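Common to both upcoming complexes is subunit A, partnered first by subunit B, then by subunit C.
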Partner chain A sequence: MSEFLQLCFNGTALGARYALVALGFVIIYRATGVINFAQGGLLALGAYLAYALNDTAALPFALAVIGAVIASGLIGAATERVVLRRMVGQPVFAVVMVTIGMLFILEQTITSIWGFEALNLGDPWGVQIVRAGDVVLAQRDLWTVGIAGAVLAAFFAFFRFSKLGVAMRATAFDQEAALAQGISARRVFAVSWGISGALACLAGVTLAAGPAALSPGIGAVALIAFPAMIVGGLDSPVGAVLGGLIIGITQALTTGYQEDLFGWAGANFAAVMPYVVMVLILLVRPYGLFGTREVRRI
Partner chain B sequence: MSSRRAPRVHGLMTRGYADDLRLFGSGKAKLGLLALVLAYLMLPFFLTSDFWLSVLDYAGIAAIGALGLNLLTGYTGQVSLGHAFFIGLGAYAAAQLGGPDALNLPLPLWLLGAAVFGALVGALIGPFALRLRGNYLAIVTLGLIFLGEHLFRNLKDVTGGNSGTNVDTTATLGGLDFKDLALLGENFSFNQGYFWLIWGLVGLVALLVKNLVRTRPGRALQAVRDRDVAAEVVGVQLGRYKVGAFAVSSGLAALAGALLGSYQQFVSPDEFSLFLSIQYIAIIIVGGVGTVFGSIVGALVLGGLPGLIDKYSASIPGVSTGSGDSGFISVFSLNQAIFGLLIVLFLVFEPRGLAAVWLRVKAYFKAWPFSY
Partner chain C sequence: MRSSRMWAAAAAAAMLGVAGCGGADSEEGGSGGSAAKEGEAPKTVPGFDGNKIRVGALSPLSGPVAVIGKPLTNGNQVFFDALNKQGGIAGKYKVKLVQEDTQYKPDVAVQRYNRLKNDVVAFTQILGTPSVLAVLPQLKRDKIVGAPASLDAFWVREPNLLPVGGPYQGQAINGLDYYVKNGGEGKRICSLSQDDAYGEAGKEGVDFAAEKLEFKLASAQKFKQADKDVTGQIQALAKAKCDAVFLTSLPSDSGTIWGTAAKLGFAPRWIAQSPAWIDELGASPLKEYLAKTVWIVAEGTEWGDDSVAGMKQMVADVEQFDPKQDPDYYFSFGYVQGKAMAAVLEKAVELGDLSHEGVLKASEELGEVAFDGLFGDYTYGAADERKPPTQSTIFKVDTAKPYALGTLEKDYESDAVKEFEYKAR
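Coming up: the complex of A and B.
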């Protein structure tokens, strides 16, 4: 039983990170109808910026993270302004490919600046743990769950109560009607990308903290956050969070029990488990758990 | 009464849809094609450098795969990130069908067998494309890459697991052994023989794809791309054509993979990662989405690029070739960054690719000296 609880906790911590990334995807998708494959690049870049501010500029950890979050937000908004805005009205294929191209550029920029070696983020949690009964809780995981929970709550409040948040929802609902009401779609697009960049940075920092260490490969996590987003439904923020948790917990349980239950599936099956879950759910619900059915017109 | 000769018409004149759809264009286009065929036949006599031949061989393999991807993405409008998976399938199928320890089939059979195997798996994946569109499809095909890599690493009996497998196939056709070709009293190297084999197949596949897209099924595919609901309303059977496009495209990818395996004589799962899919996508974007010509041009420009960068990395400033070398970017990183950059730049500035540039140049000279 304690092993099960342990795995569930690990999965929740992992899922919280997926949820942060997936929420970033969903925010951009709702505002602009684009799936941002470059999110993984932004995530890694955010974590490396935090490292640079903490290690090279010698800021305290919390300040470094805040600085990196702001910088990533600005980089996200700048990407939208410089590249994506030129792609308005192009077919889905072209837009998806542009963001994939940016992913490869970002990843290689990072390795050419910081190299391939694993770096220590300098976070205050390290490998410290808290014991609750038989379950071992890593401090960084507790902080991750806490930070993710607080941030997600803040964003849902932002969408519900703030003027800009409501403007963003209105734009997502009907762009032309929103324009007619005097909402600037451009600002909404830029803010969406900014928020998404900031979320990616937070996910990156929590991923690279502690024993995991910071290496260019952490961007690959965003590729696992895709199933999280798809499972929840492309355009549902609630779905993104739930999807993240579902995928995270499934993955942790697979890691724990696969050997005994279905060892035939091969070593490291947990890495591809999210995609299996995604395909299964899509077979039943082609628009995810909470996604809106697309209405197709001629 | 003397028989009346049909009046001579200018090559540019079209008198009906049949003229627009014809396979070979005006006299000049035919001449150009003839020149290409001659170049194909003669080139190995003059080009003996193993390096340049290998660049061309890789480009030819890429052209076959790119033609397949263009049929699916360019003509049918179905985004696929899973092309590398089918290339891998073809390579492993070739190892199983053509290897001396396995079935040891002759060249036409293992090539065809690999292609059919790829097409069958593609037809199994195809039904997903019916339920999913656009973004959802892109991500599911992305999943295909990861699931495929997992399979390639874990089905050790078939694929050799992480360490890969030898692809020791025969390459003999009607008494000609492409691996060690003796023709007209001359001996040709492995690379020269494979140049003829690979580019001959490129010609065949290009003809196949061109004929496919200029006839009824091709028009149906393009109708699906432009608006699938509208296509369905005018009587195109969506299921049949979407699954069909997936099957043909995967079959061509597997054919390219079989050639790749046979040419390299070795494959490992690391080759069939997301980056390979991205390379193929870059090829069709740079060449021209939705054109046969563009797939081949794109493959010629980009197919040999990794080899070229590897060879000349020492003379590109800022590139580190070894671990001790100072330089801010490694060869591997440079490759990936260049492909990423090409995709972004072409989509932003020339979304129709080099094929459109070529058309513009041609139109300019046709109308010269009048610019309109």
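Coming up: the complex of A and C.
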């Protein structure tokens, strides 16, 4: 039983990381209908910014993270303002290609500033643990789950009670109607990119904590978070979080019971499992768990 | 960097044009190739203009694996810089290293290979098992020599390849033999390896050691590269009550693996393949755990060990030609590769033929090449008679040392490793 709980907790921590990445995708998709392939690059950049502020500028870790989150948010918003606003009215496909181009630019920028060496992020969590019975909880994982939980709560409050949040929901629902109500779509787009950048930074920090875990390849996790976003429904923040947790826990349990239950499927079935879950859920709910049904007349 | 790469590309393109024009010429030269005589100055051929010898490096200089490609290529470069300072091959031909970025993608490697092949006499580095496999058929067809930057055992029996160092299998066998003979007899031994060709090579060594040392593997786990959660695997190893685990991984995953193990309070004797280590791990919060539990099986000696001639020379060359280079295992690897290629080129000049075929012939006639303790000496020659080095050095984590590794046992050679047979793929 303790083994099962241990796996579930680790799966939850992993899922929380996926959820942060998936949320970043969803925020932009909701507002603009674009899947931002540069999310992985923004994530890595955020983690490196936190490293730079902590290591080079010698700020305390918490301040460094807050600084990096703000900086990443501004970078996200600036990207929208400088690059993507010019693409308004262009086919979605073109915009997606621009985000892919941005991913390459970000990757090159990161390696030209910080090199290729794996680095230590400098987080205070180290390898400290908390014991709950037989289950071992790493501080780093507890913080990750806590951060993801806080972000989610903040989201709900923001979308529910703030004027801008409601404006964003309205724009996502019907852009033209929102415009007619005097909502600035431009502002909504910029804020979406800003939030997404800040989320990417948080995801990056939680992924880069740990021994020599900060490396330029860290953005690749965005691809693994993809099924999380699809499972939850492309445009649903709740779905992104739930999707992240489902994928994380599935992966952890599959690895844990690999030998007992999935021996027939060959080693490393855990790498395939998220996609199996994704396909199964899509068979039942084609728009994901919480996705909006699209109606198209043919 | 970008501009230098563009220049290299432009130069390569220009040389291709030249080589294209000179095609007929070199064919004529080919018919007269048999006339190449020992002791005579070699004719100009693609990659050799009578003064300068050009050799290629196909390496991931961008992307995640650049963390290996950059220092390794730098090792090639520093070796040739030092050699050129002394006059070059045969004291008169300077060597120019031409680099191409493969991004660790086999298809890109093949493309870059084709771009370079008529501009170089040989390839002093092709990094990564997948890239070597992709380029190998063409090397055979073009009769070109290439040096793999990968310690797979298959390379030993391939005439077109010029490997250095003892293969991964040998590291695993020596590491486990050392463990068993030093208090590990009757203990529960397990393995954890990544699920690709590199992981398989390590596992093959572990299985061979198990057979020869007569122990049964208590658990064999695998993981996927860049997995961020390996709790399942570590729990399985802990459940199997492993006293020792042989690990085949890359540095990006080693941190995750050891971090998870430390967290779960699982502290077996870790014995890891040489590429698993990176000095940053010695500066991480895990350093105390690592110092207690980890051995690394590699070759040669610790960085900066003055008592070893090859190391002394290499450190002196680094100070002179690239003082910014940090202690790095991959750098040493590239430096050793340069040394092996220089030996082949010396032989080719001696035989009076620097053409692709001439260099291939030279590599077949090459005897033992000494690496002065930096790596084990390698007996080259016809592919089926080659003898890779069989000794490994067992290192322990020691954060006071450069590269955070201190010697536990130098040049350890098990009886089992001598029985391991190297086969072509």
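Going forward, the second predicted complex is superposed on the first by the 286 of 298 C-alpha atoms of A that agree within 3 Å, B and C clash if a C-alpha of one lies under 4 Å from a C-alpha of the other, contacts with A are read in each partner's own complex, and residues count from 1 in each chain.
Assume a contact is a pair of C-beta atoms (placed from the backbone, for glycine too) under 8 Å apart; a residue touches a chain by one contact, two chains touch by 3 or more.
Please read these numbers as outputs of a predicted model, since none were measured by experiment.
Using the contact criterion defined above for the overlaid structures, shared-chain residue A:207 touches subunit C, although it does not reach subunit B. Once chain A of one complex is fitted onto chain A of the other, the partner contacts of A:64 are absent, as it touches neither subunit B nor subunit C. Of the two partner chains placed by the overlay, only subunit B lies in contact with A:94; subunit C stays clear of it.
By the document's definition of touching, both partners, subunit B and subunit C, reach A:268.
When the two complexes are overlaid on their common chain A, residue A:86 makes contact with subunit B while staying clear of subunit C.
When the two structures are aligned on the shared chain, A:279 is found in touch with subunit B, with no touch to subunit C.
By the touch criterion stated above, A:234 is placed in contact with subunit B alone, subunit C being left untouched.
By the touch criterion defined above, A:103 lies against subunit B but remains apart from subunit C after alignment on the C-alpha atoms of chain A. In the superposed model, A:252 lies in contact with subunit C only, and not with subunit B.
Shared contact residues of subunit A, touching subunit B in one structure and subunit C in the other: 107-108, 111-112, 267-268, 271. Taken together, the subunit A residues at the contact with subunit C in this complex read 3, 6-7, 10-11, 13-14, 17, 107-108, 111-112, 115-120, 126-127, 129, 136, 138, 207, 210-213, 215-217, 220-221, 224, 248, 251-259, 267-268, 270-271.
Across the interface of their complex, subunit B is touched by residues 29, 35, 83, 86-87, 90-94, 96-98, 100-105, 107-109, 111-113, 223, 226-227, 230, 234, 265-269, 271-272, 275-276, 278-279, 282-283, 286-287, 294, 296-298 of subunit A. Those residues of subunit C that touch subunit A in the shared complex are 1, 62-64, 66-67, 70, 195, 221-224, 226-233, 235-236, 239, 251-252, 254-256, 258-259, 262-265, 278, 280-281, 283-286, 289. Against subunit A, in their complex, subunit B makes its touches with residues 73, 77, 79, 81, 128, 131-136, 138-140, 142-143, 146-147, 150-151, 153-155, 227-230, 233, 274-275, 278, 281-282, 285, 289, 328-330, 333-334, 336-337, 339-344, 347-348, 351.
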